[in-house]
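After this come two complexes, each holding chain A, first together with chain B and then together with chain C.
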Partner chain A sequence: MRQWFAERYPNLKTVIVFALVCLFLPLAVTNDYYVATLSLFLINSLLLASLMIIIGYAGQISLAHGAIYGLGAYVSAILTTRFELPFVVGFGAACLSGFLISLVVGAPSLRLKGHFLAMATLGIGEILYVLYKELDWLTGGVNGLIGIKPASIGAFSFTHPLSYYYLVYVIAMQTLVLIAFLLDGKLGRALRAVKSAEVAALALGLNPSYYKLLAFTFAGIIAAAAGSLYAHLDRFVSPSTFSLSLSVMLLSMVIAGGESSLGGSLVAAAVFSFLNEYVRQFQELSQLFFGFALLLVVIYFRGGLAGSWRRLLMLLNHARTEENEGSGS
Partner chain B sequence: MKVLEVKGITKRFEGIIALNEVSFSAVSGQIKAIIGPNGAGKTTLFNVISGLLSQDRGKIYFEGREISNLKPFARARLGIGRTFQRSFIFEDLTVFENVLVIAENVRTSTSGYLKPEEVAREALLRAGIEKKMHLKAGLLSTGERHLLEIARALALRPKLLLLDEPAAGLNDTETERLAVILRRLAADGYCVLLVEHDMKFVMNNADEVLVLHRGEIIAEGPPILIQEDERVTEAYLGSDLLHAQD
Partner chain C sequence: MGEVFLQLLLSGIILGSIYGLIGIGFSVFHSSTGAINFAQGEFVVLGSFLAITLASSGLPGPAAILLAALLLSLAAGLVFFVFLKKLADEPVYLVVATVALSLILRTLALYFWGREPLGLPSLFKNKAVVLRTVLISYDQLIVFATGILFYFLLLFLFRKTSTGKAIRAVVEDRELAKTSGLNPAAYQSLTFSLAAFLGAAAGGVLSPISMLSYHSGGLLGLKGFAAAVISGFEKPESAFAGGIILGIIESLSVFFFPSGFKDLVAVLVLLAVLTFKPEGLLMKGGRRRV
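This part shows the complex of A and B:
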């Protein structure tokens, strides 16, 4: 039964383990700053998992993901702070904005391939970035938006870092379960089929454009939702957070994690979040550190962290089988 | 019953005529082979029928309905399944998933109320590859890949099957197995259109043969007549190859 479940729902199995670990993670930290870092880790998990759908399953590339994340953050921040609308409305509007921008951008762009698609999404990311900077009256311009209200549902305000962590936890786990369920099911198979042999899929009744757009918009909604959660965590958003370097970093982390692996993306999110906090003290050198770490992963960990993990498991299985055969004879 | 009707199809590639006024029809329960030397336009014809290439002139009818301007996936959903000369299996999926992904995502008029898993199992059984269903598709041999492609096309529960060189790379036993599978499909009412270089296979199994030469049909009829056709002998095969079944 356990083996059947692991084979039939590999991504769901990963998410269940991840959810159990994350449920008790706050018990291991001692102050509010670390709890906030854990919240950021969950938000980054959503961000990387959603980009993994685009890269690993739809076989596409996006250099606009960081900017779409920013769109969700700004929409939620503006609606709750400037217009004093409830967090739920801001969060819902952020998701809607992610859907709409992905749909508008994805429909024409996804006809492009490889470098051209990368260029198109790069252009979209840059347009959004410029808008965040230039629409002073709305976004606060380069200075950003400060004083974003904490998330609240009804009368309950998630002002304490631990309560906010568990709000993010509930949203993140529901989203990850949905992602896992879809990827382990017929949508995931269709995406893998399209990625593996697009011409055959097309000639056998699958519409590649539809599946790619579905993946792109689904990922866009999740990225924008993550943006909304980020805005109410940091209570401050500025354009520099959502620049091209964030999109490039996300792309690199998904590849480093293992481009078709949800588990790899979650591990990459942990590395990204905690290491980022640690190396922050070294300022400019932190980028150098990340660059060097990525170089090592690309050179020495073929298939990313997930690929290396799979190879390690295979080696262990092989060694165990040989040992059993040895003791049997 | 007439399943496919191709009327005056012309296709050019930058001035080179790949297909010139090609017209023919195929009926259910029939195995029709399309033969011709390399570059005759056989695969181009398949690509035009399945919609992967658009024709410059002419029309295509499927069960009386014009499909000339439909997208490839829309044609597949009507009941046109195909395989490819170069293997295009979904390598990362298992054999079962390769077939299931079509059965569960593409509902054709013949899918009925069958569960996708049932359709997939039936397709694997018909193609004779059910024993490999749990294997990763990327690990299959050349022959097994051809059978998987057929199973995948059968998952559409199609009325028309376009098979592009299904016997290529098969040994004698596998070829004979393939012949049995195709004859059984025809007996069950499928219309099988076959592009094949193996003349022995064609002459032994096709009900009708259509010969393409430089994009034009130069002969069409039962294998026995094709073998005696002087235009075919002169243009393409050579008498030894033509009598491959003897």
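This part shows the complex of A and C:
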């Protein structure tokens, strides 16, 4: 039974393990700052898992993931702070904005063969970045938007970091379970078919551009949702957080984790959150690290962490069978 | 009104030559690998910065620009041949690698040249010609002339020389080219090096008329790419025309948009072309669809 489950729902199994670990993580830290860092880690795991779908399952490169994350953050922040709407409305509107922007960028460029999406996403990232900076009456301009209200549902306000952690936890885990279900099911298989043999998939009646667009918009919604969660965590948003560098760093972490592995992305999210805390002191120079990491993984360690892990398991298995055979004879 | 229009039209054509040169770089590399080079904009910035450094060490301006472009194209060709050619069969990874390269180059530019925008002094002691009431500096003319020069050089390269024909053969059928004794990796390195040269030369001639900062490469690359998309990618040299079109649209857009939003025009044009005429405005043939 356990064996069957692990084989039929490999991604779901990964998410369940992840959820169990994250459930008890805050008990290991004492200080509120670290609890907030852990919330950020869950938000990053949503970002990387959704970008992984675009890269690993749709075979596309998005350089707007950071900007769409920012869109979600700004939409939610503006609606709750400037228009005093409830958090639930802000969160819902953020998701909707992620859906719409992905549709606008993805629909034209995913019909085309080649990597037009990559450039179109770079363009849309640039547009959003300019809008965050220039529309200062709405976004606060380069100085950012301060005093964002804490998330609240009904009369309950998530002001304590620990309570907010568990709000993020519930939303993140529901989303990850949904991702895992979709990837383990028909959709995942269709996407893999489209990615590995586009012409054959076409012959089977699967429309590649439709599936790519589906994956891209789905990921866009999740990124924007993550943005909303981020806005109410830091309670401050500014354009520089959502620059192109963030998108490239996210790309490098997904590739380093293993581009089509959900588990790899989740591990990469942990590494990313930890690294971000550490390399912050080097400011922009830290991007050198992400650039070289991306280059090295792409050239020499294709498959990233997940690929290496699989190879290690295979080696161990191989050694074990040889040992068994050795003792049998 | 007439004078303002003429002034904007001319500055559009001049900036458009820059976008055109960058666009040819995109097109040349795309044609031999099927990949988009995200470091193209960084070549422009580095071409400009390197020329500034060489000029400040006593070299005359034009020589500094040429030497900077040559050095960069040599370095780019080497990097491609040593590290990137293994990825040539998988364009997705090649694209990712150029994204990584662009982040590295941008950060290095920040480290070595700092945060402030930099430019070369005028190559012609600020001399200018007057066309009715509109002033055009020699530096601006040189930008346009460089664009035209490279347009014709590349036209000649692709149509008349055996190297150009070999590049086109590699583009059309890599396996066949291999069996006919061509080395695709060598030609791909050559196009990467050529793309770097074009980008760096564009940066060099742009330097006296417009200061660049370490992060200018993103937008310049995007606009060059838009130029290539407008012209349809099929004939690399025709991206020059795409650049001119984009330059004029962008320049005249100040009649409709506040200038803070000027940079968005290129993106809007790019998305519009991808949506309504993905084969490019200048192409006649069939659609490149899945």
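Observations on the model:
Everything below uses one rule, namely that the second predicted complex is superposed on the first by the 305 of 329 C-alpha atoms of A that agree within 3 Å, B and C clash if a C-alpha of one lies under 4 Å from a C-alpha of the other, contacts with A are read in each partner's own complex, and residues count from 1 in each chain.
Keep in mind that, in the parts below, contacts are C-beta pairs under 8 Å (C-beta built on N, C-alpha and C of every residue); 3 or more make two chains touch, one makes a residue touch a chain.
A quick note: this is a predicted structure, and the numbers were derived from the prediction, not measured.
Of the two partner chains placed by superposition, only chain C is touched by A:288; chain B is not. In the overlay built on the shared chain, the residue A:22 is in contact with neither chain B nor chain C. Residue contacts after overlaying the shared chain place A:61 against chain C, while chain B stays out of touching range. In the superposed model, A:40 makes contact with neither chain B nor chain C.
In the superposition on chain A, A:113 makes contact with chain C only, not with chain B.
One of chain B and chain C touches more residues of chain A, and that partner is C. Shared-chain residue A:255: touches chain C; no touch with chain B. In the superposition on chain A, contact is made by A:205 with chain B only, not with chain C.
Once the two complexes are overlaid on chain A, the chain A residues touched by chain B in the first and by chain C in the second are 202. Against chain A, the residues of chain C that register as touching in their complex are 30, 34-36, 38, 83-84, 86-87, 91-93, 95-97, 99-104, 106-108, 110-111, 218-219, 222, 225-226, 229, 260-261, 263-264, 266-268, 270-271, 274-275, 278, 288-290. Listing the residues of chain A that touch chain B in their complex gives 186, 189-190, 192-193, 196-197, 199-207, 260. Within the complex formed with chain C, the residues of chain A that make contact are 59, 61, 63, 104-105, 107-109, 111-116, 118-120, 122-124, 126-127, 130, 134, 198, 202, 208-209, 244-245, 248, 251-252, 255, 284-285, 287-288, 290-292, 294-295, 298-299, 302. Residues 50-52, 71-73, 76-77, 81-82, 84, 88-93, 97-98, 100-102, 104-106, 108, 116, 152-153, 155-156 of chain B are the ones that touch chain A when the two sit in their complex.
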